[in-house]
Each structure stands twice: as structure tokens, then as C-alpha cells.
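Pasting the structures in now, so scroll down.
You will see chain A twice below: alongside chain B first, and alongside chain C after that.
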Partner chain A sequence: MYEIRFHGRGGQGGRMAAEAYALAAFLEGKYAVSFPIFGAERRGAPVKAFTRVDDKKIRIKTQIYQPDYVVVLDETLIETEDVLEGLKEDGMVIINTPKKPEEVELSKPVKCATVDATSIALEILGRPITNTAILGAIAKATGKVSIESIEKAIIEKFGARLGKEAGEKNALAARTAYEKTLVGVAKGGKEFKPRKKWLPTVEEMPIGGAIATMQTEAGLVGIGSFIENKTGDWRTFKPIINKEKCIGCKLCWFYCPEGCISMQDGKATVNYDYCKGCGICANECPTKAIKMEREVRA
Partner chain B sequence: MNIKDLPDEDYFTPGHTACAGCAAPAIVRNMMKIFGKDTIVYTPANCLLVFSGTYPHLAWKVPYLHEAFENTGACISGIARAYKKKGRKVIALGIAGDGGTYDIGIQALSGAAERNEDAIYVCYDNEAYMNTGIQRSGATPYGAATTTTPAGKKILGKLEHKKDMAEIMRAHEIPYVATLSISHPKDFLEKVKKAKETEGFRYLHVLSPCPTGWRFDPSKTIEIARKAVDSGMWTLYEAEYGEITKIYKPKKKIPVAEYIKGQGRFRHFTEEMIEELQRWVDRKWKRLYGEEP
Partner chain C sequence: MIEKLPAKKMVITGDYAAAYGALLCDVDVVAAYPITPQTLIVEEFSTFVNDGITDAEFIMVESEHSAMSACIAAQAAGARTFTATSSQGLALMHEMLFVASALRLPVVMAVVNRTLAAPIGIWCEHNDSMPERDSGWIQMSCEDNQEVLDMIIMAYKIGENKDVLLPVMPCLDAFILSHTVEPVEAPSSDEVAEFLPKYEPQAILDPDKPMAIGTFTPPEYIQELRYQTHVAMEKAKDVIKKVTKEFASKFGRDYHGLIEEYRCDDADVVLMTIGTVTGTAREVVDELRQKGKKVGLIKLRFYRPFPAEEIRKIAENVEAFGVYDRAISYGSGGPLFIETRHALYGLDLPVLNFLAGLGGRDVVKGDVEKMYEILLKAKEEKPKEEIYWIGTRGVEI
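So, the complex of A and B:
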């Protein structure tokens, strides 16, 4: 048996990727199960999904804590958490990033495959949904399923939901990623500080209990404390404001769901710590002073 | 009241975890700029609760409460009365989604309205139970695909039309009922301000386009809200004590086919379905504007 853990963001299709991979393995005569884990996550928040594949019936139903493979659909996730947690000694990580495996920095040096799935998805699908492209990379990196089975599974699974043409396009995204995937060894040494949990837990709170705003070892809690949650790493595109064209009408300031636009010297300014890149500001700007550009991360 | 009259001070912080392009945070942030710091916010179960109040973190800079799904009306009644007893002037503000208003919360809401409690109730209407994964509600429009009314072989989306909740509230003859859209800032802000200045039970109903549930590009949120108004799918008006006192009429009415374009939840629409939805819009239009569309 081998186990795969997918790290993605809500809406990127981590769950669909896990399911499509299971289907591909099934098409090759294996037993396979897949399931996601999510609580109240919105689109953009980190989520996980799991796939198990075996030659015999699979009885185990738990989450995967010691995966053979870790798949990361969004490279910003490797900055905020140790995706290698529990990965087996000879395990491998497959990451969506434009970097080469040798340039990726993780908590320890491990076998690593990389592919720029976001660019492939944007080019072929026109949307930064990377779940099908990454499947091609998994096939290449692990050699556990053939790319043909992956294509078949995608056409079946995505075709049923989005129509035949979309199914085929997604299969092409997987094939392209398959051909572009690089395999190597990642750098180790990156340190992650385990985040302290804030106590009491919600179960331990007395009925009618209230939380005051306070600075704790686990960070700020209580009223207004979401300000410490930087949502800027959710975005694929970022708004660039042309100050010459900005007339200071404040429409973007009003419409921005994040409240991350402020007015400085009468011109709109974006706080990229929070901007999720929805593009409403660019779409609504009456003078077209805002342009959405692909986010390039260092 | 215009955008430029709004204060810079925010009572709803960035860092919340709503989907990119969600209209709800823009709605509540701008409302809170007007309601101000002397506000107690209550929300039942809805997306807003989840993305702005994940224990122990909170995006609100005012006191905030959460209780069960069905009792927004009861809770804001309690808040309003408790503060009145203490002799403090605060705004008791309840913000529920369409599920928590149209279906689950209607009993407590109707009771609070009938007693004319001194509170403000906001329904942010994204036309389905988005929080739990896009299940149909009484607010879901005709033909829209949701996970419980999928477009398949047997049915093509929801079979019934949207319930007219604002009209139900108007029938309570409360001091103030208004329908709002974030796409019309001036109208939006004036109504929020008026709600703040009115005493007694006030009901604000805001359309809140949902990129995830309606399946459209997150940059189009405001554009779609605007099209909803222009097509008559969403009508903007206000009523005092049951009498309609102000109506916003779009300059040019667009066909409903224009509104549904670009929204995945209507992708399966046939010509007959477009006609059926148009008939519903035209009936509503005639009722409100008193003229043939």
C-alpha cells in the first residue's frame, strides 16, 4: 500500500485531484480510496485530501499521517507549515512551483519533483486551477500510475462534471505537466516554529464566556485579532495601481472585500499583506487605473 | 450620503477568511463604518460567522455574539432590552444569511418584528446555504443549480421561485424595511444611515453575490450585483410602516438572460427556463413599479 497526502487551498481542487488519482489507480486494477478533510474552510484557505492505493481491499479509514508522497498544489503552503510532517524516510514531495527541485527549501533534504502547474493551468485552462496539471507531475515523479490512466481518469471525472471539452483540456494540462516535471532533491534546513495553541479550547470555555482582546503566546486573540492573519498568500494575481490614472474616487476602497485598499495623498494604495487577488478593484475602476498582474513570489 | 462621506475607521478588520471576491465582507465593513463602535453584533450560523469569528480570533472590533441558527430575532431582542435596562444607547445588530432568515430564522424574526423591538436585522442574501456547501434555500432563484437541486436528467435546477422576504417583512408594518445592493453605494449608504437613525425594528435586505456558489469569476461580484438590479432580479426600495416610500428604478431594464450569463448556476438554462424566469421578473416589476415592463 502507498499513501498520498495533498496540500492545497480550498477551490484549487485538491479533493478532485485526490479522487481522480484514486480513479486512475482503480483503472489499473488497484484498490483505491480518497477523501478530503475540511472544516469550515473557505475557498483559498489551506485544506488537505488523501488517497490510499493497494493491491488488496483497503480497510483503514483514518487520515494519512505518514504518507509515502506529499503533493503541494500551492507553493505558498511550504512557507507556512512543514508539509513534510510524517513523510516516510524514502518519501517524496511533489510541488507546484516554477523553481527547480534543488532550489526548493524544506525542513529536510528529500526527493522532490517540481512543475509550474499554475502557468500550465493558466495557459491551457485559462484559470489557475492546478489540480489536473499536478496529477501529470505525480505520474511522472512516482511512476506509480501511467499518464494514460491519469488522462482517462481526468476525462471521466472532469468530463462528467464540466463537459467533454473541459475534460480533454484538463487531460492535456496533465500531459503537459508530465512532460515538464523535474525530479531531484530539495534543500533542507528550513525551520518551522510550532504554533502554540491558545487555551482554553472552545469546549473548556464556560457557558456565556467571553474573550477579551489580549496578546498571548499563541498571538493576538479576541476582538479585532484577525488582523494577524495575513491572507495575501492566497492570491495568484495582484492589483497594480497606476497612480497617474487614479482619480481618487474611492470606489475600489468601498468595494474591496478585504478592506485592504487605503487612500494615500488621494490615491488608492493596496496592502498586499491581505489582498486575495479577487480583481474586483480592477474590474470596477472607472478609469481602468488598476491592472491585475500575475503574482511572482521570491 | 456618499462614499466620500464615509469615515476611514473600520470596525471589521482585514485578515478574515472569506473566499476571494465575496460580497459579504464589503457589505458588513461599510455598514459598520456607519453603525459605529457602539454596536453589538450577533450572527447565527452562516459564512460570515465562520470567516470573521473563528475562535479565538475575531475580525470584529465591536462586541460579537454567536448563538443558534434560528434565533437571531430573539437574540437581538434580548441585547436591545438588556442595554435599554442598563440605560446605554447601543445598536443591537443581527446579521443572518438567507437560510437563517428565509427558512430557519423566520419565526424569531417575525416575532421580534411584531413586538417592534429596537434592533436592526440584516439579511445578507447569497441565495443558498453557502456555508455548508451550496444547498438550496427559500432564497434560491428559479432554475439555479445547487447541490440539492442539481441540473441533471430529472430536474434542471430549483423548481420553485424565490420567496419575497422583504415583502413579508413589509407586511409586518415595521418602522423601516429596505432592500440594498452593494453595487449602488449611494443608495446603500443612505439606507444604512436611515436604518441607524430610525427607532424600532429595522430590516435591511442586501443581495450578496457569491462567486463560489453562483460559479462566476470573483472579479465580477459587483458587476453581477449591478446586473441583478438592472434586470429586475433584485429590486431596490424602502418602506416605512408598510408603505413604500422610495423606489430605485434602473435607467434601462436589461433582459434576465443578460443577468444569468456568466453564472455557472444558470449554465443549463433552456429558452423556456429563461422565459419562465423573465415572467417572474416582469410580475415583480409590475407589482413594484405599477407599470408594464
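So, the complex of A and C:
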């Protein structure tokens, strides 16, 4: 049996990739299981999905803790997620990046395959949806499943949802990625600080789960969330407020699901540390004072 | 009526398996309200209706209470009905569950086990279905997606049996099955039709031949009705065994009736599991057996009717018996533990309870190994505790 862990962001299709891989393995006569970890997150949040493949029926129902392969659909996750966590000694990480494997900085020098799935997806699909292209890279890097089976699985799975033409285009994206994938070894030595987690004992757990703002050994915990867990990096679009047009009606403040808007001198102000870029404020603003602009990060 | 569907092997979620199972059973009416992680079941079914694969009536209702009410009414009018829910949705249905069973209407409902708030969560816990113990529903749990599909088919056959006439609730673990894809073999619609004959209701609401059901009933009558229903639930045990056997001979997959024994033959200690933890426990048993430990496993399939006799028979030959629960009855123990102790009354052996995976926490191999370790120790010396909260921070074991 071998096990794969997929790292992506909500909305990138990591779950579909994990499932399509399972289908490709199944088409080759294997037994394959795939499942996502769902959270209360939304588009842009770091998410994980898993695939197990074996020659015989898979009975184990746990999550995967020691994967043979790790697939990273979004390069920015390397900064915030411990993508190498539990990876087997001779395991391999497959990353969507324009870099060569030798240029990828990770905490350990592990086997690494890279492909610029975003550029391939933009060129062939016209959208930066990388979940099909990355499947081609996995086929090339692991040699565990043929590119033909990947293509078949994509046509079956994505074709059923998006139509025949879209299915074929996605298969082409996988084929192109397959041909362009580079395999090597990543640069090690990068310092990575895994995110701290508050795990209270029965004694420490507030009665009734009533979570007020408080200090824990992992940092400051806010109402149901970590204050240190700055969710602003989930954002793809950023609300920009035109202070001249803002009439201070507070509708954006009222509707913001994250409580990210405050009023300063009678005008709306956004806390970009936590704003996830949902755009509800812009939609609600009666004077069109809020514009959503593409997020540009350094 | 449904389109002719060929036998096929698919890679599908547990939710899809439940919806496809209901489709194969040619249900007439589906009434449902969405709730995560059940939503996919009725969503998939509505797609079958939209695509014209079935001409079943799909009723969208404003709550789960209404979903069950609509199923009860349709079933009373002679239809074969199906619905699905989870957690809060099932709790809201509570009142109507008792109506379905007391009116002896074999509605089938897939329940995706999700933790019942508070605090709110979407992951797996059995504290939604287990409190429905006394509702008069046949309740069972599935280990994998194949069993989900197969069980929906068997559920109709069991519930509609003239000796039973009770509603059936096949349960599947949230996400671990509901949103996990794996290979599932689906029989053809013709094969299912041969196995499951058309539903023949024992009484039909018909404007031409009026009758009343569930009307205001004084104390002179209700006790006899309760007795009837209790007897029907007892009789369901044999029907379940018979149907499982018949299913095995027709489709080649044997679920062994109320429970499945796994390597219990010469076992010193036995652990009883429910739901998906069973699959992981099988792996652990195989590994411990390789190390020479005589451990066995019971997969509990049915919570109601409870297979007391079958469990007792196995317990008579072992030195320690463990019960895994994914729910807690506050102030007592896990629901299955309480039930098992009752079944094993008078036997002289330690019976221990293991709680793990509450709120959807992953139950890993190490957790199951710990359970066996405690059982093997209990065989040697009298254990200090009866209830073990596996993997609970700050609680010593």
C-alpha cells in the first residue's frame, strides 16, 4: 500500500485531484480510497485530502500520518504548513512551482518533483485551477500510475461535471504537466516553525467550551479562534475603501462575517490581518465605496 | 419506476452509495431536508430524479420534522419511501420517529452520524442516533461504502417483512464514509428487483375505503400495541439473519446477520466495535495475532434489535470483553457498554468500556492497540476501572 497527502487551498480542487487519482488507480485494477479533511474553512483556507492505494481491499479508516508522497497544489503553503510532516524517509514531495526541484527550499533535502501547473492551467484551461495538471506530475514523478489512466480518470470525473470538452482539456493539462515535470532533490535547511496548537487538558478546558480571549501556551486565543492565526493569507481579493465615498452607514461593519471592519473617524477601515476577502462588504455598500482588487503579495 | 440499470463497479462516496441504493430499490417518495454531511445523499437522489432515471416524487420540505412526516404519510398511502439526515436533523425528527414505528411503516432512513451540538461540529460521533434507541426503529451501522449500498437494499427487505413492519435506520460515519470514495459494486436493477419484491403495504390510506391510524387512543388499547411492536422487533432478529443469508447467496457478500465475528474462535479477549473503527480494528487484530496474542473482534452491526444472545455466546468463551463506544450516556457509560453488560449479566469476566473518537477525533491504530492492551491485562489482574476514555487529554488510563 502507498499513501498520498494533498495540500491545497479551499476551492483549488485538491479533493477532486485526490479522488481522480484514486479513480485512475482503480482503472488499473487497484483498490483505492480517497477522503478530504473538512474544516469550517472556506475558499482560500489550507485544506488537506488523502489517497490510499493497494492491491487488496483497504480496511484501515484512519487519516494518513506517514505518507509516501506529498502533493502541494499551492506553493505558498510551504511557508505556513508543515508539508513534510510524517513524510517517509524515502518519500517524495511534488510541488506546483515554476522552480526547479533544486531551487525549492524545504526543511529537509527530500526527493522533490516540480511542475509549473499554474502556467499550464492558465494556458490550456484559461483559469488557474491546477488540480488536473498536478495529476500528470504525480504520474511522472511516482511512476505508480500511467498517464493514460490519469487522462481517463480526468475525462470520466471532470467530464461528467463540466462536459466532454472541458474533460478533454483537463486531460491535456495533465499530459502537458506530465511532460514538463522535473524530478530531483529539494534544497534542505530552511527553518520552519510549525504552527502552535492549543490542546487543553480536561482541567484546563473552560466549562461548557466558553472561549473568551485568553492566553494559552500556544498563544492568544480569541473567540473560537487563534489570534495568531492570521487568516488574511487566504485572500485572493482585497477590499479597498474609498474614504470619500464612504458615508459611514456601517452596513459593511454589520455584514462582515469576520468582524474585520471597524469605524475610524466615521469611516470604514479593514483589518487586513484577518480579512479573507469574501467581498460581502463591497456587495452591501450602498455608495459603492468598496472595490475588490486582486491581492498582490511580495 | 426506474430505468434499467446495469451492474457496475464505481468509485463513490458513502453518501452516493446510500442514494444509489435507494434508487435501486425503486423508492416512490423521497422527502428530505439538507444537513451536512448528509446533504449529498438527497442531492444525488434529486439528480437521479432530474435526469429521469427514476420517476420518484421528490418532496422538498421546510424541516426534518416535516421530512419524516411526509415519509410517514406517503408510506401510509402505500408508497416505498426514503429519507436521510444527521445530528440536529435527527433530533428534530425525534417525535415523528416514534410515529413511523408505532404505525408500523417501514420507512428507510440513512443517518450520517454527526456530533450533536453543543459545541457545534460536523464530524463523526454516535450521540445523534443512539438516543433514538427507544424509538422503535431498527438501527444498524456500516463499516464501509459497500455495506452502505447493500444495507439500504437489505433494509427494505427487513423492514417490509410481514413479521417486522418497522422502519430501518442504516447509519454511516460522517466523512469517514459519507465523503470518502472507494470502490463499490452495485448490482443491476433487475437483480435488486428479484431480491426485493414490490412493497405490499398491510394497510393503505385510501379515500374510497377510509380508515384511521394514530388517532386518539385511550389506555385500553395502547399496551397491546406496544407489545406488538416489541414482538416485531424481537422477530426482526431472525428476519435480519435470513435476509443477510439470502443477500449473500444472491450477491456474494456475506454480512453474517446481527454481528460479525472476526478471529474470535480461540480468542482470550474480544473487543466489540461499531462503525468504521471496525476496519482499523481488523488491521490491529491481524498484527496482534502475528505477535501471538489471542485477540478477537466482534463487529456489532445492529444496535436495535440488540443481539444479546449472539454476544453472550462469544463472551462465554473469553476471559475479558471490551466494548468500544463513540458516544457517552452521561452518568453511566457508553450506550453499547450498558447494553452489553445487560446481555452478559451473570457471566464472571471483566467487561470494559472504551470511549474514543468523540466529536470526530481520529481513532488510530494506536488507540485500538491500547484497548487490547488493557483487555489483555484485565485477563491477568482485576482492572481498576471499567470505563476508559482513550486519548482524552488529562485523563490517566
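Here, the second predicted complex is superposed on the first by the 196 of 298 C-alpha atoms of A that agree within 3 Å, B and C clash if a C-alpha of one lies under 4 Å from a C-alpha of the other, contacts with A are read in each partner's own complex, and residues count from 1 in each chain.
The definition used in the following text is that a contact is a pair of C-beta atoms (placed from the backbone, for glycine too) under 8 Å apart; a residue touches a chain by one contact, two chains touch by 3 or more.
Predicted model, so just to flag it, every value in this text is computed and none were measured.
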Touching partner for A:33 - first (chain B), second (chain C), both, neither: second
Per-residue touch tally on chain A - higher for chain B or for chain C: B
Partner chain(s) touched by A:202 [first = chain B, second = chain C, both, neither]: both
Partner chain in contact with A:19 - chain B first, chain C second, else both or neither: second
First (chain B), second (chain C), both or neither touched by A:61: second
Touched partner set for A:86, first chain B, second chain C, both or neither: neither
Which superposed partner A:11 touches (first chain B, second chain C, both, neither): first
Footprint overlap on chain A, comparing chain B with chain C: 40, 202
Interfacial residue positions of chain B with respect to chain A in the complex: 3-4, 6, 8, 10, 12-26, 29-30, 47, 50-52, 54-64, 131, 182, 185, 211-212, 217-223
In the complex with chain A, residue positions of chain C that touch it: 11, 37, 118-119, 122, 144, 173, 175-176, 179-183, 276-277, 279-280, 282-283, 362-365, 392-395
Residues of chain A defined as touching chain B within the complex: 10-11, 40-45, 198, 202, 211, 220-231, 234-235, 249-251, 253-260, 262-263, 271, 273-274, 276-280, 282-284, 292
Residue numbers on chain A that touch chain C, as the complex places them: 19, 22-23, 26, 31-36, 38, 40, 58-63, 65, 199-204, 208-209
